[in-house]
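Structures for review follow.
Consider the two complexes below, in which subunit A is the common component and subunit B and subunit C are the respective partners.
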Partner chain A sequence: MTVEQIFAEVFSIPANTVQDSLELGQIAAWDSMAHMTLITRIEEVFKIELTGDEIADLRSVRDVRAVLRLHGIVS
Partner chain B sequence: MNLCDAQILVTGGGRGIGRHMVERLASEGCRVAVFERDGSAQAALAAALPQVRCYLCDVTEPCSIRNSLAAMESDGFETDVLVNNAGLIHSEPLVNMLAKEHRIHSLDTWKQTIAANLDSVFYVTGEVVNRMLARRKKGVIISVSSISAKGNAGQSAYSAAKAGVNALTRTWAKELGAFGIRFAAIAPGFLDTPSTRQSLSETIITRLKQQIPLRRMGEVEHIYQAVRFIIENDYVNGTVLEIDGGLVI
Partner chain C sequence: MRLAIMQPYFLPYIGYFQLMAAVNKFIILDDVSFINRGWINRNRIPVNEQPHWLTVPLVKASQNRLINEIDIVDDDGWKAKMLRTVEASYIAAPFAETILNLFSQVLADAEGRLSTFLFRTLTQVAAYIGTDVCIEETSAIYPKKDRKGQHRILDVCIREGATSYVNPPGGRELYDTELFASAGIELLFLNPNLDALSLRYSGQDGPVFSILDLMMLNSCSALKEAVGMCRLVP
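Coming up: the complex of A and B.
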């Protein structure tokens, strides 16, 4: 599963609209509860455990890719 | 209890579900009184339905409740049916992982939500039932709960308050059934109201509908129908009637 597919699934948006620049505030459904769903899907799919700071810092698709790189995952 | 013979007090009857209940009960010829905190909603209701008695009342304040009940009684209105409808919806996670600071659920919103949805039911019901017992009159107390009482992610305070309402309903049904006072709660699921449309995006509403076995949201009329059923069926007591299209959360 790709980052685009995760965003599409969590926020019910088309995968082809998921760009690196897409960020919190541009997706109406991205609230504090949806953020928890996003985190758990990322952790499940990529089999990683994010730190508290990483969770709070995720604000865009670009941020997600960056944090995945820190965990040795190229997405 | 015969609907048309009943004198019915509705809290929070100036807007939303409460306003619809009041309009429908009045159209059936019932004598209806309303406690409403919002002055403009109260004035609008009084103008639209002059036969309905409207009293400004903050149901989170025991003193305000006693004053409004006294004014209502001096107008010759004695409550046979109380509908505890006033309340507010509040959504907030226990810990907001998006926030850098103040991540934990606000104590202020916790207290406000519990006060509006649970304390109010306790205060108003106590005052009304005390009067019913003093007059040795039978009565019905209906409280508007929610399916969130089962535990809805992102609604700690609201879910806890509504679970409390369900517990009070069952407790009071056992405590006061012998005196002919019945208690029931109504637990709506998602209703198609302007406030729902305002607070949820179309995407989320579409997703919600997919989770409801009937594939549609409920209407405020469904809640009125439940109120009417509880008033008229003298063997309903201590129950929480779920009006949710089969949705399980």
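Coming up: the complex of A and C.
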């Protein structure tokens, strides 16, 4: 599963609209529950554990990719 | 006293109940905008190994209306269909009988205001899991005036005499730790990592399915232990 597919699933948006520049606050379906689900889904799919600071830094698709790279994952 | 405030959701995933378990009082934030295509009136379970939405149908739901202004469709047809879907999906689940009874009760109450229904549902599930938390039905009892965002949250914390406020992960930029500290309130964030959970769940989607999936497959004592595993970080 890709980052685009995770965003599409959690926020009910087309995967082809998930660009690096997309910020969470721009997504209509973004709220605290969706954010929790996004983090859990990222951890589940990529088999990683995010730290509190990493979670705090997740504000865009670009940020998600950057955190994944820190864990040695290129997506 | 540790407090959390969060929108109501329909049978949310286990992270929501971890937040509940982390606090002494949990306030349902229902006087904020509804979110279309979000998780407020729907959640997913696996059907034929594929994610399937269970959706509570609403009357004129819109992001321009508050959650507590929206009604459930006055037609019981969807309830029977949803119940059949859940029955068929979990026919062999170890706790199917108990949870189907509970789910039938949940659906029987599905009428009138969405927020009232969600409060009852969340209360029923929390009680089943054994989460010892006081749940306040509506944030509307706290005067809103023109307060927004963290200022509304802080005002409710002060009114409740909270010593710490637990926030779901993310959105840290929306909160000013110093502002809360100046009011004597510690700001904490839930880390929803569920790797440590030894629960059974369906398919690769794992714990992000509705709590209903976990309830069908795990004992309430296992769920109680799991919701208590959450970690809080400053």
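Everything below uses one rule, namely that the second predicted complex is superposed on the first by the 75 of 75 C-alpha atoms of A that agree within 3 Å, B and C clash if a C-alpha of one lies under 4 Å from a C-alpha of the other, contacts with A are read in each partner's own complex, and residues count from 1 in each chain.
In this section, contacts are C-beta pairs under 8 Å (C-beta built on N, C-alpha and C of every residue); 3 or more make two chains touch, one makes a residue touch a chain.
This is a predicted model, so every value here is computed, not measured.
J.: Does the superposition put A:40 against subunit B (first), subunit C (second), both, or neither?
T.: second
J.: Let me test your reading of the model: by the given contact rule, A:49 touches which partner, first (subunit B), second (subunit C), both or neither?
T.: After superposing on A, A:49 lies in contact with subunit C but is clear of subunit B.
J.: After superposition on the shared chain, which partner residues are touched by A:70: those of subunit B (first), subunit C (second), both, or neither?
T.: Once the two structures are laid over each other on A, A:70 reaches no partner at all.
J.: Give the label of whichever partner, subunit B or subunit C, reaches more residues of subunit A.
T.: More residues of subunit A are touched by C.
J.: Mind sorting out which residues of subunit A both subunit B and subunit C touch, each in its own complex?
T.: 11-12, 24, 28-29, 31-33, 35-36, 39, 55-56
J.: Where on subunit C does subunit A make contact in their complex?
T.: For subunit C paired with subunit A, touching residues are 6-7, 9, 12-13, 15-16, 35-40, 51, 63, 167-173, 189-195, 204-208, 233-234.
J.: Considering the complex alone, what residue numbers of subunit B touch subunit A?
T.: Those in contact with subunit A are residues 91-93, 96-100, 153-154, 201, 203-204, 206-207.
J.: Of all residues in subunit A, which touch subunit B in the complex?
T.: Answer in residue numbers: 11-13, 24, 28-29, 31-33, 35-36, 39, 55-56.
J.: Report the residues of subunit A in contact with subunit C in the complex, numbered from low to high.
T.: The contact residues of subunit A facing subunit C are 9, 11-12, 24, 28-29, 31-41, 43-44, 49-50, 52, 55-56, 58-59.
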